[in-house]
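Labels run A, B, C and D following the written order; every chain starts at residue 1.
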């Protein structure tokens, strides 16, 4: 089967944009055709490594007629307009999360996406992690019976700079949003959100009225309860665990080891090196799988997943969590 | 050092009363002197195994002049009056949890206990579990830095009979109360409670308006957050885990294995037998240590722990959780 | 069922004798009646704690007419004569391993034991360890198919004093003998022995021509191979592991943890405290089970296990290993 | 630093040859220039995927003047002549193990290699496995004190076809040879070999006088003992473990998990999917690292490792093991 490679236009060449560029370049069925970044040196750097035409104007990329798909990895405030432009041009989109920090802007874009029929996929990479995907499939296969509790532990290695905290939209929209999507990956009938947030160690969070520590509880219509435990720091490395608990047992996703070696001495036994540092290491395979699935989508061989609606739902949950943590009430949601 | 053994009066000879009787009998510094139970056959059965004078009237036991300590293991509604009687008689008390299901009755007893100076210890056995005690001591020793998050997973093997659910006071007062005390064992400055409860599998819970599944979040004045995850059933056996997360790392208490043997085949590797069945097996050592410590207390060699105030605080948290789960609000507490 | 308790005569009140005394005292169906030790203060000390008549003459104990069973825990050179005396008196024996360090003396005793019909059980306590017993039962039940390889790792916490090394009979007769019996517990058709021994750290071993490090390979008639890995020291505590490998998988017995708590920090994750210190801690339950089984044997409710023949076979294997390690040849055995 | 890529000539396009071709193609500093295979369709297939000029004559490849390095992945009997030809042409060689099954042919080649000064590296891929390399480095760093025992468990997933067994040179030369090299990776002063081999399940082994199960003991001059436990089959997948035991503790290399997910039910807890299937999966990273190191060697930036002498030493140990298992004697070696 000799298909033409899917020609990608990449918008945004920051850290995650570079990851996607490398992944596209390594993917047999894909090629990097255009690269846009207002910071043109960024685009040039990526082109030097992986090829592609550069521009400082994303609209030129979209209008080039030389791309089959657009990957939006630019700053969050640009996502809504870029999605709209790509959809209007009839070009399938893979957009990094979140769609936007403002649910009103997302809602305004919603009809265009829905009516266009153009695939818009959201970059919730964790759905493509082999371990999480396996756990979800095994829950669906009934290995643990009815799902009753889902516990997500998600801790970043270190708090972001105060400048970033300021514009991040807060921990729920910036960090927990991945966990909200993971919750919906397992349970799509969330009806209520309850959150507690505190400031325990991060000056940036204190300065900008954000939380560095948070626990969120989601209730599903089925009665299932999701617990999300977040911290902005973690001494042992990126802490990414899930436990799905059901009537017949549980499935657990452990942290990713960095070595098969353990040490036993008179002080301690079975000690292992710390876990993977952060998301680029922990989710390397997920990023590759995400793009493989997206290439299939562009080719009409797969359906969109996660969708624009999934992106919107995660933001709705984040908004609800923010309100719950601030006002001390459980917040109902209709997704 | 040839001390006289501490003479115990045991009130109540149900399941937990029998455990205590056996523990007292096996303890070098203790002896079982009197046993009271309105169901006199129960008392006689215990006396036949471990010795002691029997009565169907607890007041006779308290007034016997032949006991140095009273262990109250009778039904919850009797606790308040029995504590009061023992305190008035100047006899140190170890009382099973909870003090009562009604905080008003507990509050009414409070001044008497406080002013009497008679030690009243509460039977929160888990504080004496070697693993939990070690974890707490290591947190206190600074091994993980400032404690920021405490996660307690506590699932009973199977839901109790509907008849018991009816009089239990609800999951928070009946089951989570142990976890509230455990939370306070690590963090004594809880200021707010938020809980979510659902009915997912147990007809008894549905019938009597109780929850079979619950998640409770406690906020400490320090900013630390406690998460308590409960279920009334657990296919793998009694599920009793704790993770203490701090600035420098975490301490985890795993479930108690029932065997050192694991099986690896083409189907699955490193598979172990299910965990300990329930509390009598899991906390056998804790019950023994609890009594050893109580004997020291009676002898004036230790201070009271956990105290009547600890018992009251756990009930205050349970009441707050019940209200939070019912009304959908975070509830402030002043302990 | 009100049976008379089995009256024990205990010969020898050293470390292991005291363990047995305490176990007998705690066993519902057993009582300690006589205690013999030429070092009479030892016998008196035990009697003070657990009761019993004392003597400095074991023959008096055997002739007392007041014992139903004799437990021989005296020094190894006394075992053969004491077994003979007990057997002649028709009293069932539980004798600590080894029967003797000299196979000729064991062989000389063999006909008497065989012809007497008096039960003589050997104190290979590890057969009664719940984990090893479970692993063996599961092998027998076919969980791993045909047993092809058995790997026994057995390392003592620290080398014994040089004085003890001198009279120990060497590492194979003194330490590996337990592993030889464990090998035969799983595979009773051993036909050949090959051993390698070295001196790597212990001055006592060097001084007295013994080994501190040894690996022994046993070949069974079935083709199964046993590997025994020994060291006289182990920094992590008593190292006692087994892996049974078969056509369908493997069963592994892990070391006994001393805590359920693990620590994770930036230095290392999932680190646990060292293992149980030595045999008294690791095999506490095995010693109790050994006596429970022996009581059954005395009552005619169980068959002898392990037998005098098992004790002899282990010594034959030890002799073969000693010769193999010294001469560099595989040594055939006929058990 | 813009270096010219190292131009590889690949001889042999069987399974392992294809792995190397893919690795070379993916390596930034390397390119696949020539491919030789008498089975020319094999060479063409590789060239179609990764580029390169094809020939059915390895000598043409060596004489092409267009290669900087030769990678020999052809059948074992061709290795000696191909190494000789490459060395005479002054081209650095990476040759798959073993050099040859006949130590005489290896010895005959030895002077040429030694005097030429041309780097000849042997393809003992496991030295480049991150886990084994880390364990060895940590032993060298003193984390466990003096190394006293090394235990290597190495079991293939399934016995090879009887036809292969016939020409394999026997389990020690074909399979254990990797473990002999691993032993020498940790301990380079082996002086004696003792081996036991049996036929327990494989008809091919029985038919051709080979073993399917083997245990080998190596003694080092230091007194350290290596134990190698082999089986030609393993139900749980490729079984590749190492334990380095020293005076201060031990380092253990566990099997490579295929998933982070574990399942707990009423039947068994913490059960994981089987391990990596076989060497291509388990050692994928090792093969890549091996080539990266070899590229450095070709560029003069690294020294040869493992060397021709390492390859020869492993064969000497294999020959000694074969003799030991056959004759029942420990065999001294001078490496």
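As a convention for this text, a contact is a pair of C-beta atoms (placed from the backbone, for glycine too) under 8 Å apart; a residue touches a chain by one contact, two chains touch by 3 or more.
Here the structure is a predicted model, which is why all the values come from computation and not from measurement.
**Q** Taking contacts as defined above, which has more of them, A-C or A-D?
**A** When the contacts at A-C and A-D are counted, A-D has more.
**Q** Farthest chain from subunit B, going by the mean of C-alpha atoms per chain?
**A** Measuring from the centre of subunit B, the most distant chain centre belongs to D.
**Q** Find the geometric centre of each of subunit A and subunit D from their Cα atoms only, then give the gap between the two centres in Å, rounded to an integer.
**A** From the centre of subunit A to the centre of subunit D is 41 Å.
**Q** Centroid of subunit A to centroid of subunit C, CA atoms only: how many Å?
**A** The separation of the two C-alpha centroids amounts to 58 Å.
**Q** Quick one: which residues in subunit B touch 2 or more of the other chains?
**A** 144, 235-236, 248-250, 255, 263-266, 270
**Q** Applying the document's contact rule, which stretches of subunit A touch subunit B when the two form their complex?
**A** 145-146, 148-149, 151, 153, 155, 192, 194, 196, 198-201, 213-215, 217, 219, 222-225, 227, 229, 231, 233, 235-236, 245, 247-250, 328-330
**Q** Can you tell me which positions in subunit B touch subunit D when the two form their complex?
**A** Touch list, subunit B to subunit D: 235-236, 255, 263-275.
**Q** How about subunit D: which of its residues touch subunit A in the complex?
**A** Going through subunit D, the ones touching subunit A are 130-131, 134-135, 138, 143-144, 248-256, 259-266, 270.
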